[in-house]
């Protein structure tokens, strides 16, 4: 019998804090105990339970790529300050220690995507779960063909990872399109103005030998899917990652149960053909 | 092991009870306490009652307490130190007077806590729990064990099962090694098996349907209005889940007092409106009809599919306890007739 | 009860209401709530002394609101809840039809909420004599005895929130126990969590509780948590001159009066 207490988190030291957008921060975390770090690994798409000890746990993805963990032994998370735990996290300073239980859930099928064109579509605060897989793909760039990224936010201020957007924009092997909702632009804004589905239609990426990853608010997904289908993407080739409410992360607490699936175990990554078999409870 | 049968005289029961107590084990047994009959730690057989169909609450709190500390913490200037759960503090416990339906509930509970990664806190509690069952001589209109794979004299889940015979003596069936260990505390009390048939001393619970029928119908009528209609009366409390022997949904919370504190696991229920609600306000199961459907589907479809065990033992507690008369048996009978 | 059934059928037939909320015979010989949407089904309506669930609780339930305009079978407890809900702006006169019932099941017609208010004046909302005796016993206990009494009583609570769910006045979408910024009271059902929960709930019901005992009836552990609300009711009457539900008064805890005798509030 395994004797490990599955509820006891690793302790992580906050190495760096980046203010991404109003109310949105990125933490770079390193294992407080090097030994624990040596035995840790994860894959793109998996998530974690982050906690301020004494305030509770909150669920969000690991926003950094496993390739960066292999090289520099850090994981990153990006969160918006909304509830009790994320507010407490937002109060943390560099050097503070937080709890971290991970890795949980399934992963993006990167092996199967080798040799394919990849289209990333993200809206607002949904770029973090995708950033992990974007960097994973870019760090193994030769394994994949064209990489297209479409990222939209309400306003210029709401765009996260601004430095990385600039970096992707400069790379010749990435095509990046950024857009903000009408009225969200600044005078010096050089990107698109318009909602993601409309910009996607204009961008018109080929569905030939391609997979699409879509993450964003439900309304964005709702209107983006028909555009993707029009472009020839089939549900098997469109992926997303779900964000149901969770507590345990390993299929016991019951919260993320949706039909026969547990989003925390069978997800969070699903193709849209898999989602069609799930009840509308996510 | 094959089940061994013995006779235990009426007068020997309290001797056996005392021997268990003397062995240092905690004994929890049904006690009439304040307003209801429920399991509580007891010192002697006199404190217990055998006048109950089922206890108000199931026996699950012995392995899944309503509040369970997962680990402790101490904060200091340099950071935080976590104090792991000390498994050695979990006592050897004998649950005395468990009804066969309740005993059958430990298997689904175990499936939930151990179907993938092992919950060592739960597992240690279960491993240190011995279940002494008492077969049912009485049943009421909420009982439906026979419709969900059980029966009033079922040995499944018990380590040792007593059935009261017509003269007041007991048939003792030793089912597991843990049961044998109880016998070994007072082997002289276990006499040659009685000749009286066990069945004639059991309550009659008419079978109304099978679990498989419910599974098939519930899946087929997933989109039906029946869930919404049945749930109209439901007032969204957690009573059904909290008295249920197999409901295991939980919440995790931190509780601190100054620099010290603990992370705890507490009972929760899929029937509560906020159970699945996201911080954004989006709620995947926004209506009580959906939540009621989830409760039935989880027990009769999702659990057998994912964990190879059904999540209902037919004890009828939810029906008896419901403040709005959401009667599970009645509702399942409606579903099976769809 | 015949008049009630007749009126219910008329209302459904004429589509003046879409649903009649009433009592019907449930399982195990206990009455339960019914939501009658067809005039043919009104015969299943019953009323007797066992009809203790406060049906007004369903007036705040989204799933029932969706059925359309209701008529509600309303004995004394339900009438009080309706007036209290109205005074708290939770329901409006034109949103429902009240089918008042006397203790022996006779239909009482009410033209409007004011008529209900007037009718209620004849029924003092007082704790009955036997309960009063128990409450006085509790109040006369020494501090230690009282602490022990409440600890033992509330230790049994496992926080299923049936009390809250059965209470027509507990209509908040997010209860104070669920507010976690800050966490006002512990969520867990341990001693402190239970004490704080029940005290907090009783405080929030001071001067609002309609003394229907639905919370106690709903409690699967039979806890006398209504003793707390009854004690609050006594205090409200003795200390603040509270006389019972009205459309005008406002709530004891949320009403400011310039002639308040306490100076901290001025």
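Going in written order, the chains are labelled A, B and C, and every chain counts its residues from 1.
Assume a contact is a pair of C-beta atoms (placed from the backbone, for glycine too) under 8 Å apart; a residue touches a chain by one contact, two chains touch by 3 or more.
Remember, it's a predicted structure, so these values are computed and weren't measured experimentally.
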Farthest chain (mean CA position) relative to chain A: C
Chain nearest the global centroid, as defined over all protein CA atoms shown: B
Averaged-CA centre spacing for the pair chain C and chain A, given as whole angstrom: 47
Whole-Å gap between the CA centroids of chain B and chain C: 33
Averaged-CA centre spacing for the pair chain B and chain A, given as whole angstrom: 40
Residue list for chain A, restricted to those that touch at least two other chains: 56, 83
Touching two or more other chains - residue numbers and ranges from chain B: 251, 253
Complex interface listing, chain B residues touching chain C: 33-36, 56-57, 66-67, 140-142, 228, 231-233, 235-239, 241-243, 251, 253, 255, 264, 266-267, 269, 272-274, 287-289, 319-321, 323-325, 327, 329-330
Contact set on chain A toward chain B in their complex: 1-9, 11, 32, 51, 53-57, 82-83, 86, 96-97, 99, 218, 243-245, 247-248, 250-260, 262, 265, 279, 281-282
Partner chain B, residues of chain C touching it in the complex: 26-28, 30, 32-33, 35, 53, 57, 61-64, 152-153, 156, 158-162, 164-166, 173-174, 178, 186-190, 193, 217-223
For the chain A and chain C complex, residues of the former touching the latter: 56, 83-84, 87
Contacting residues of chain C [partner chain A, same complex]: 180-183
